[in-house]
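The structures considered in this document are given below.
In the two complexes below, subunit A is the common chain; its partner is subunit B in one and subunit C in the other.
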Partner chain A sequence: MFDLLKFLRPSGTFSHGIHPAENKHFTAHLPIRRLPFAPELVLPLSQHFGAPSESLVHPGQEVVRGEPIAKANGFMSVPLHAPATGRIKRIELMPTAKGPRTPSILLEVYPGDSQEVRYDAPRDYTTMEPKAIVQAVQDTGLVGLGGAAFPTHVKLSPPQGHHVHTVLINGCECEPFLTTDHRVMLEYPEDLIRGTKILMKALGAERAIIGTEENKMDAVAAIQAHLPTDGPISVQAVPTKYPQGAEKMLAKALMGVEIPSGNFPSSVGLGVFNVASTAELGALFPHSRGVIERVVTVTGPGIEKPGNYLVPIGTPVGFILKQLGFTGTSNCLIMGGPMMGGSVASLAVPMTKGSGGLLVLTEQILEQQQRDAVSYPCISCAQCVAACPMHLNPSQLGKLAHKHRYEEMQGDFHLMDCFECGCCSYVCPSGIPLVQYFRIAKSSLREQAARERAAAS
Partner chain B sequence: MSTTGHHVVLRTSPHLRETPTVDVIMRNVVYALLPIVAFSIYQFGISVLALVLVCVGTCIAVEHLVCRWSHRPTTVNDWSVTITGLLLALTLPPGFPLWMAMVASVAGVGLGKLFFGGLGYNVMNPALIGRAFAQAAFTAPMTTWVPILAPDRFTSFIPSTFTLPFLRPESIQPWLEVVAPDGFSGATPLALMKFEQVPTDSLQLLLGSTAGSAGETSALLILLCGAYLVYRRMMEVRVTISVLVVAALTTLVFYLIDGDKYPGPLFMLCSGGLMLGAVFMATDMVASPVTPLGVWIYGGLIGFITIIIRLFGGLSEGIMYAILLANACSPLISSLTQPRRYGAPKKKGAA
Partner chain C sequence: MNLTGALLFMGGLGLTLAVILTLANRRLFVAEDPRIDDVEEMLPKTNCGACGCPGCRAFAEACVAGKANPAQCTVSPPAMSAFIADFLGVELGNEEKKVARLACAGGNHVARMRSAYHGLQSCRAAVAAGGGGKACSWGCLGLADCEVSCDFDAITMDRNGLPVVDEDKCVACNDCVVACPLNLFSLQPVSHRLWVACKSLAEGDEVLADCEVGCTGCARCVADAPGGLITIKNNLATVDYTKNALASKLPIQRCPTGAIVWLQDHTVEKGAAAKRIIRKEALPVDPTA
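Then we have the complex of A and B:
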């Protein structure tokens, strides 16, 4: 009877979602390789969600690869480490992928510097208290490498009254084109498992599930080879569907639970961490090192040598394009994946901790621009309603957004539950920029709330 | 990109869209309707061809001219008005006077669609508005049926086709005596059933060898054409399923109560315009609800009302008014059946 119920309930995935062309074949089979240092690295002080880091260096100062160069400004912040040995040139406003220029440290790399990290202070998590682990994780400067760049140690300190019993390691990588997480799982399974154990210890969790999609079964096998079958850590593959990699969708797929609206995963006893972040933690933690490089999938038809590269944080995208052969016909660079990534305005924009992909599209963009140029009224086809993983009503939201009725969108149609996955815009046959409308509506509402708070205080 | 001298393209995500656009969907609906039109021309001859051309032509012309007069770019290239024209023609009797078809087209596209703001804003299905207008204005020609497979159908028109504007069509009785010397009852299977309790063989209905409106004769062909759209994921199949299922169940209830007086489900499903309505008109995206539950309710409502009108109303056919009524209800249905969002708090008490 119990099994029958389980059979009837759609499990192993979430409902709705879309199946965009995966396009992972460009890079999925290519091992992770290193890129050389760029002559100059640009290190924004705000690469993460939360308060910007505070600089510890001054122009002209020499720094060693791995040395902290900025400290955390409060709990909701992380430090920054020098990705290369060199001299601090200056600290000034520089363009970033997000758009506005932000204060950044410019590091002039000494030519001929080796990529070895000399910074090392052995540390053993098995003998450490959970509190000490959280502090140590903050010191690594680790943030969610999946794109949100949310400080990892904050997730390790759930609110009072929340107990995390299960850690979910998110290796879905549902964005088309990107293969970063895939390669990390294949190549660094031991780091990944160590990182998982550190997270479990810090949270006091009893078990952990490494979740990935069915298009990465080789990664499942690679991890399973390092795991005892009856241990607290298991690997599970769920059906390939976008946006399976959203933590709410993963919680639904792996555990069958929904994270209540407006709450952290810890409210239902879950902690969700990106697989690349976890592997990075497992690699850095025993040596007390900080995040100085990350794996980036550089891909797309506009790149001559697509692949998965270990890129020092702060490497300008222009340098990467020059190294990997830019075919020169493209005029659209996307930082991240095609579904949620942003297009980059300048070649000086650096790769930051949250950027897992660099996508160079050629003809496809022209095609998309032609599609962008034509739009029709909403024909109520309900494709967006059938696609929205949050089960919202994008059709209605879109009509309201068109009339600037933002408060109604928030109050009656739960706009704030939208996490901007873009499924609605993807499927819309009328070409209505739905998710784009919602972003504007959300930021307008946030600004208004901030104004009201300021007026009240 | 600055290295190449091109303009940098800045876009917001999602950067790739691969699903069909409105014009592609609408064009495919037109493709799906063409076999039905062809079959109808085969059955009724060049009069239907003329009827289709006049309806489609008038509909396109009205939309184009209204767009021009209101200084908007023309919207005829989204193909939706072509569908309206085809559907309207298919719901009219084969020998319907062409000038009346023009009036119905103007009413359908003008009042039913453009009056509300064009594609996406119409409350009801424009083709059915046109047909409802014709039904009210030209009652007699709307119920004048002709036999199928008339011997001279490809060489001469049905006499009523070329009625002069603003004149009543002359009687087709002399023509009928020539083309159907064995006698033609002049009634559709539904009317025969309703008013004379004469049943028609279901196989005939399925294959379409009966009298009726231009495009409502072969249920099987309509289902096949609908299947193409479902295969291309361009049709809301849930509406069709719920219309047919609820219509069949409602019929079954009455059939079980009194099998002599009421017809069986298969007859009901295959006769009249139910199949064409369920597959091509109830599924009109614009006028149907967007919520998953709402779609089922909407379809069920159409199926139920159709059968009630057919069995107890003054008319022999009910699909048109059923769809128009459900169209009017669809905003209400949509707002009452908002989907339960992910992570919504549990309902408190009975609220």
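Then we have the complex of A and C:
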């Protein structure tokens, strides 16, 4: 009886979604530790969403840890800072996790250096104007550390007419295996709270909610210990569910509002920021520093010493794996979590600002996966419809994708609202690679739109 | 009685509607050149879009209106195009035959793989999943998106996983150009015989580490070609086809990898100095490559 009335109560979560095996026990209890510097760092000029940075250095130049080595190219771009003291070797095309080679700065690290971070002038956000804060945030080179790598300062400048009243700090980390955000909340609560205050000041927001999932109650306690009970910042745990960490799902769970299709969260008065980015901002901002390292969860059954590691930006994946005891091939690597992460095709790929996890599987698991990877026709069971957090119809979309009817997918079935969480592929009993189809369709449509723009101009 | 009433009513209704329809047909009649239907009948009706019109009907309209030449239809046999031109009394036009060409020669027997790709067998899916595992990030992935897109069976995958274009069947409809996520196909007039079968922008030695037949940018072809026909742009030999009249087999002769080739009469001719590839089987996956 009471179950029937459940829909009347605010549920504190979003509808649909899935709950895959969490697998966070590998690393959730392990404190953040530092890894040694790789002999050579690879720093792609395009680690973020937007225009690539412009290099400020030339081959042979010596740089100090923390010094800017590339500047932002326009507003939709961020600078890049030297993650270690050393010498610039050259600037050339290097492979990235996404596949294509991009121009990258190669930095040879001085092995005997003390690796002190360059000192810069202290800054006090309490006396700064919001506009000055936005500029200062851009100067830190900060982007969304959750994976999308969207420049943080762009989110701090909402479009005209949008007023952000509430800042949501996203600490859900709904991806299985990953524990980066969990450890950051546990170990750096003061930085996190300072970062939240900076974001609130820059946006003129009245309050902030740090949202996390119920499987991280120790993190909630750690943050609450540093917060006054009646302050503008609060911590809230929502049910553990995937993809709770998507900004639209979090807004629904914490505020009960829906962000309209194709709009920014600022259109409903919200600003959503990743918890690791916020803590990083709180740590960097008072010292005018830039992003030079980040916490990465290296985990999975294929690695001897899983853990949460503070890794300099640009460290090649192969070096990290060698440090932590790994003997397999690059077939077994996933950059990010198992649901939305991408496979890594080469051990030379560097960790960038957006890479929060490295999942290492074993050849046995892969072989099992390949044996099981048989796809049968769609039986219209609608499990994908019940799983899709965006309330799309993946079954119908999949049938259209099979026939390459991409315009119809976009026009009639809202393909562009799909954010590729992979719930549909996860639940499909016929093993249809739905989200892969949607990625193909979206990339075809984006290319076609680009061609039409080029033809029109 | 009932039957007669029903017949009268239905007959009357039919008559009234027929009168309305006849009047509407008179008043709303759109005069259309009957030759459009005739020309459409003569066209191949593949609606491939190679002529630049959104279908055969639109092309027939364009031909009748004098906005297009019958020879622009690359699917019709030349005799049929000439017949259409004769029927309409217009110029046949002088369209050179174009074919799709692939700017890659790195089959799996010469191009190295860093990791194996298992998953949806589509080039576009492989590109979304970290690039597909080929060491060269510009090279053909061999998962046949182009073969699937071709409506004319002009593309087949060879034993080394490279698409081969049948120049007789290719009508230059542009479908493979759009389908390839790495933009390796382009439509080239058949008179463009000098062809660089590589798109790698990497520097010399790095190209060779990834693929045995890539263009290293050594510029020997540049030195041998007359009048600036070939230039090196971003470590890649680039033929300036505005100077195509200067083209000869001379520039391909000293190419050490055979990346620049001469295409004529359905054969691919490599230079004398090009290294000979006798390996037939695929190279093994090597994560250190």
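Here, the second predicted complex is superposed on the first by the 433 of 457 C-alpha atoms of A that agree within 3 Å, B and C clash if a C-alpha of one lies under 4 Å from a C-alpha of the other, contacts with A are read in each partner's own complex, and residues count from 1 in each chain.
By our rule, contacts are C-beta pairs under 8 Å (C-beta built on N, C-alpha and C of every residue); 3 or more make two chains touch, one makes a residue touch a chain.
Owing to the predicted nature of the structure, the values given are computational and were not obtained by experimental measurement.
> Taking the superposition as given, does A:Gln383 touch the first partner, subunit B, the second, subunit C, both, or neither?
So A:Gln383 only meets subunit B here.
> Which of the two partners, first being subunit B and second being subunit C, lies in contact with A:Asn331: first, second, both, or neither?
Both subunit B and subunit C are touched by A:Asn331.
> Should A:Leu361 be classified as contacting the first partner (subunit B), the second (subunit C), both, or neither?
A:Leu361: touches subunit B, not subunit C.
> Under the stated touch criterion, which partner chain does A:Leu392 make contact with: subunit B (first), subunit C (second), both, or neither?
Only subunit B is touched by A:Leu392; subunit C is not.
> Touching A:Ser430, do we find subunit B (first), subunit C (second), both, or neither?
Only subunit B; A:Ser430 stays clear of subunit C.
> Looking at subunit A, which partner touches more of its residues: subunit C or subunit B?
B
> Applying the touch criterion given at the start, work out whether A:Pro100 contacts subunit B, subunit C, both or neither, answering first, second, both or neither.
Only subunit C is touched by A:Pro100; subunit B is not.
> Touch check for A:Tyr125: first (subunit B), second (subunit C), both, or neither?
Touch status of A:Tyr125: no partner.
> For A:Ala373 in the superposed arrangement: first (subunit B), second (subunit C), both or neither?
Only subunit C; A:Ala373 stays clear of subunit B.
> Contact-wise, after the overlay, does A:Ala345 reach subunit B, subunit C, both or neither (first, second, both, neither)?
Touch partners of A:Ala345: subunit B and subunit C.
> So subunit A touches subunit B in one structure and subunit C in the other; where do those two contact lists coincide?
Overlap of subunit B and subunit C footprints on subunit A: residues 329-331, 342-343, 345-347, 369, 433, 436, 439.
> Which bits of subunit A are touching subunit B when the two form their complex?
Touch list, subunit A to subunit B: 14, 20-21, 176, 248, 252, 258-261, 263, 318, 321, 326, 328-334, 336, 338-343, 345-347, 359, 361, 364-365, 368-369, 371-372, 374, 376-383, 385-386, 389-393, 395-396, 413-414, 417, 422, 425-431, 433, 435-436, 439.
> Show which residues of subunit C lie in contact with subunit A when the two form their complex.
Result: residues 114-116, 118-120, 122, 124-125, 127-133, 135, 137, 178, 181, 201-203, 285, 287-288 of subunit C touch subunit A.
> Touching subunit C in the complex: which residues of subunit A?
Of all residues in subunit A, those touching subunit C are 92-93, 95, 97-101, 329-331, 335, 342-347, 366, 369-370, 373, 433, 436-437, 439-440, 443-444, 447-448, 451.
> Of all residues in subunit B, which touch subunit A in the complex?
1-4, 6-25, 78, 80, 117-121, 236, 285-292, 295, 334, 338-345
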